[in-house]
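Here's the structure we're looking at; comments come further down.
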C-alpha cells in the first residue's frame, strides 16, 4: 500500500520485536500490568503494520485467512474449554484453584494455574480479531488477485 | 337415567358435531351423497340424543359438572336445566330440518365441501352454548359459533356478502370483547363464573352495572338489539337460505339465551328489580320492536324484510325478559320457540321461491301462490302467525306477553305489541295477498278476455319434496303449538319460567 | 421527585430525533441535552467523594481481592486475577463479543460484497 | 440455597462452543455445521427441562462460577421464573432454528449461512445467560453480545434496507447499553456490589444517603431497557429492523429478543430494586403508562401499514407493551398475565413471522393488498397465520385469551378500569387489521396469480408446530398459571 522504502525496512525490522513484546505481555499477564487483551492487541498491531507498509499479500503470508479464522474460533473455544476442564476436575465452571489447577508460587512464571492458559487464549483471540477485522475491511476496498475470496 | 349417563350424553351432543366436522371435510373428497347423508345423520343423532334427555328434565333434574379446568377457578363445565334442554332440543330440531333442506337447495351451489362441515360445526358450538355450565364456557362457545358462522354468511363470496360479513365480524368481535369484559368483572366480583351457584351478584355496585351493560352489549349484539342490530339486516339476506333460517331462527336466540342466564343466574332478580337495571333492557327492547317493524315496511327484498322482522321479534323476547314476571317470562320463552318455527319457515320458503324462480323482490311475487301452492301456503301460515292470528303460535306468545305486561301494570307495553302486530300485518299481507289473489306478471296482458288460456298457464312449479317437507314440518309446528295452550312447548315454557323465577327449583 | 423528569427528558429527546424536522430537531436536542446535563449535575454533586476510604464501594469485595488475591489465584497482578479468575465469566463474555463482532463484520461484508 | 449441578452453565457453554466451531465446520462440511448448532440447541432445551424438574416451583438454586461465592464472583440463579424464561428461550429458538434450516437457503448468500448459524447460537446463549445471571455487570456484557448478534442477523441479508435498519438498531441499542452501563456504575458506586441480591439489601440503606444517584440510575435503566425492548416512545428502530430482517431473524427478534429485555427489566424491578425504592418513586406507574400508550399506538400504526412484515413488526410494539403493562400494574395477577404473555407472544408472533416468511419464500409477495386468494395455494401458512391472528385478537382457545384474562383481572384488582379498556380496544384494533388479511386470503374468491414455489418440509413442520403451540398455550395453561402463582409469592 505504502510505497516507501524507509517505512518498509523499518517495519520489517521492528515487527519481530513488536511481536515478541506482544507475546511477553500476554505471557506475563498474571505478573505485571498487561494481559491477553493488551498483548493480543500489540501482536495484532504488528501484523497490521506489515500489511500497511507492504501490501495485503504480505500480511496474508504472515497469517492467512484460514489460519486467522481457526485462531479466531480456537481462542474463544480454548477459553470455553478451559472452563470445562475445571468441571472435569470437579470444580465449577471456570474454577481455578478449587478445581485443582496447580497454582505454583506467586510471582513465578508458571504460577496462577488456569489464569495463564486463559490469558494465552485471550491473547490469540484478540490478535486474530484485530488482523481479521483489518483484512476484511481492507479487502472491501482492494479486491485480491491470488487469494480465493470464498473458501 | 342417572347423572353420569346424562353427563356423557351431553358431552356427546356437544362434541359429536364438532368431531364430525373433519370427517365431513374428509368425506367430501369421495362422495357428495355420502357427505349430505352424514351431515343429516349427525344433526338427527344430535336431535335424538337431546330428546333423550327429556325424562331427566321432566323429573326436575339439574346438572352442573366441570369437565376440564382451563385455569385455576375457571373451567369448561356443563350445565343442564330445563332452559338448556328446551333450547338445545329446539336448535337441533331446526338444524336437522335445515340440513335436510340444504341437500337440494345447496346442490346447485359452489363450495358445498365447506358449507356442510361449517353447518355441522356451528350446531355443535350452539349446543355447547346451551349446555355451558359457566359464563366462561358460554363465552368460549359463543365466540366459536359466531366466528365460524361468518363462513356461512359469506358463503356466496360476492362483494356484498364480503362487506356484510366484515361488518358482522367486527360487530361480533366487539360483542365478544364486551362479553369478555363482563365475564372478567363477574369473576372479579364473585370469584366464580359458574351458573350452578345460583346468584353471583346480589348487591348493587358500579362494577356490577358495568358488567350488566357489557352483557347487554355482548348478547344484545347477537340478538339484534336496537343500537347493535346494524350487522343483522345485511348479514341475513346474503347467506344461503338454510343458513339464514338458522341465523334468524336459532343463532339470534343464543343472545337471548345468554341474557336469560345473566338475568337469572348471574344477577339476582331482586337486584335487577330494585336497581331498575332491567328498565335499560325494556327501553331498548321497545325501540327494537318498533324500529324493526317500521324499517321492515320499507324493504322490498324479501330476505331483508324478514331480517328486519327478526329484529322486531327478538325485541318481544327481550321485552318479556325485562318485565320479569311469570307470564312475561313464559311468553318470552315461548316466543323463542314460536319465532324459531315461524322465521325458519319464512326463510326456508323464501329460499325455495328464490331457488325456483329467482324472485327476491316482494312486488314481483304476484301469483306465486298458484305456481308454488305448498311453499306459499306455508309462508302465509307463518306470516299469519307472525301477525298474531289466533290459532297460531304467534298469537299465543303475544297473548302471554301481553298478560305479563298487564300483570306488571305496564299497559303501555301491550300497546307496543299491538302496534307492532299491526305493522307486521302491513308488511306481510302485501306479500301473501297478491301471491294468491293476483295473476303473475307477464300473464296479465295475455289473459284479457281469454279465461281458458289462464287455466292452461296454471302450472305448478314446486320445489323438491325434501325442501317442501322441511318447510311443511316447520309450518305445521306453528299450528300444532298454537292451537291450545295445552301443548308440550307451552308447558315447557311455563315450567322454565317457574324454574327461573323460583331460583333454581320448580 | 423531579428525577422522573430526567427520565422523561431522555425519552423525549430520543423521540424528538425521529419526529421533528432537522433544524428544529438539532436546536431542541441541544436544549434538552443541556437540561439533562443540568439535572445530572445534581446527581454528580451527590456522588461519594472519589478515593474516600469510607465510600460504599470499599467494602469486603475489593478487600478480599486485594488481600487474598495472590494467595487464592496465584497471580500477583490483581487486575488479572479479577478479570480472569474471580470474574472470568465476564471475560469469556468479552471474548465472545470479539468473536461475534468478527462474525458480524465478516458475514455482513461477505453478503454485501457483490 | 443448594448447589445446582452444572446444568445452567452447560446450557450457555454448549451453545457458545457450537457457535465457535460452526463457521469452521461450514468450510468443509456444510451439513455438519447446522447439525452441530441444532444439537446444541436441542441439548440446551433438554437441559432446561431437566432444570425445571430439578428446581420445582418454589425452590431456587445457585451456581457460583469459578467457585467464588457471590459478592466476589459471578452467580447464576435458577429460580422458577428464570427457568420458565429459559425454557421459552431455548424451546422457541430451537423451533425457529428448524424453520431457518429451510428458509435461509433462499434468503442468504450460501457463504454466510455458517456465520448465521454461529451468530444464532451465540444469540441464544446470551439470552439464556441473561435470564440466569444474578450479576449486573455480567448482564451488561451479555446485553452487549445480544445486541451485536441481534444486529448481525439483520444485516447479514444482502439488501440495502437491512444495512440501514441494522445500523439504526445498532446505534439505538448501543445507546441503550451505554445508559445501562452508566446506571450500573452509579449503583455500584453507592452500594459496592454487583450481585442482585446484595444490591437489593444494600440499596434500601443507600437510598437515604444517595437518593439522586439511585433515581438517576433507575431512570437510566428504564431508558436502557425501554430502548432495547421497544417500549413505546423508544420503539423507533423496531419496525424497520424486524421488517427488513430475514424471516427467521424476524421471528427470533420479535419472538424472543425484545422479550428478554422486558424480562431483564422485570428482574431489575423485583430482584435488584428494593420495595422501598419502588414505593418512593412510582417507576411502575411510568412503565404502566408508557405500556398503555405503546399498546394503543402500536396497534394504530400497524393498521396503517401496507407491508405484511412491517405490520407484524408494529404489532409487536403493542404486544410487548402488554408485558410492560403487566410489570407496571405491580400486582401478582397482572404479572402472571404479563409473564404468560411472554410465552404466548413468542409462540404467536414467531408463527406469524414464519408464515409471512413462507409466503415470501414461495411467492415473493409482501404487500398486504396482493394477498387475495393466497389461502388456496398456500393453505398451511395461511392457516397458521389465521391461528396466530386469533391469538393476537384473544379469541378463546388461543393463548392470547389467557394472558389478556390475567392482565384484565390485574387491572380490575387494582381498580384501574381505564387500562382494561386499553387492552380491549387494542384487541379490537388487532381484529381490524388482522381479519381482513385472513378473509382476503381465504374468502375473497379472487384467484392468486403469482407463481408459487413449494414450501420446504422443515418450514411446514415448524408452521404446524406453531399452530399447535398457540392452541396448547390457550387450553393447557392451568399448570403454568399455578406455577406462576407459586413463583410470584416470593416477590410479594
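Letters A, B, C and D mark the chains as written, and numbering starts fresh at 1 in each.
The rule is short, and it goes like this: a contact is a pair of C-beta atoms (placed from the backbone, for glycine too) under 8 Å apart; a residue touches a chain by one contact, two chains touch by 3 or more.
The model shown is predicted, which means the values in this text are computed figures rather than measured ones.
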item: Other chains in touch with both subunit A and subunit D; value: C
item: Contact-richer chain pair (by C-beta pairs counted) among C-D and B-D; value: C-D
item: Middle chain, criterion being Cα centroid separation; value: D
item: Greatest separation from subunit D - chain, by CA centre; value: B
item: Subunit A-subunit B separation of Cα centroids, rounded to whole Å; value: 80
item: Computed distance of Cα centres, subunit D from subunit C, in Å; value: 23
item: Centroid distance [mean C-alpha coordinates] between subunit D and subunit B, Å; value: 46
item: Subunit A and subunit C, separation of their C-alpha mean positions in angstrom; value: 26
item: Per-residue overlap in subunit D, given as positions that touch at least 2 other chains; value: 16, 20, 23, 65-66, 111
item: Residue list for subunit A, restricted to those that touch at least two other chains; value: 73, 76, 80, 83, 93-94, 96, 150
item: Pairs of chains in contact (touch as defined earlier), listed by label; value: A-C, A-D, B-D, C-D
item: Sites on subunit D touched by subunit A in the complex; value: 6, 9, 13, 16-17, 20-21, 23-24, 27, 63-67, 111
item: Subunit C-facing residues of subunit A, complex; value: 29-37, 72-73, 75-76, 79-80, 83, 93-94, 96-97, 103-107, 111-115, 118-119, 121-122, 125-126, 129, 132-133, 136-137, 139-140, 149-150
item: Interface residues, subunit D side, partner subunit C - complex; value: 16, 19-20, 23, 65-66, 68, 71-74, 108-109, 111-112, 115-116, 118-119, 122, 125-126, 129, 137-138, 141-142, 144-145, 148-149, 151-152, 155-158, 163, 166, 175, 179, 186, 188-193, 202, 206, 210-213, 215-216, 218-220, 222-223, 226-227, 233-234, 236, 281-282, 286, 290
item: Touching residues (chain side subunit A, partner subunit D) in the complex; value: 69-70, 73, 76-77, 80-81, 83-84, 86-87, 91-96, 98-99, 150-151
item: Parts of subunit C lying in touch with subunit A, wherever the complex brings them together; value: 70-77, 79-81, 83-85, 88-89, 91-92, 94-96, 98-99, 101-102, 105-106, 109-110, 113
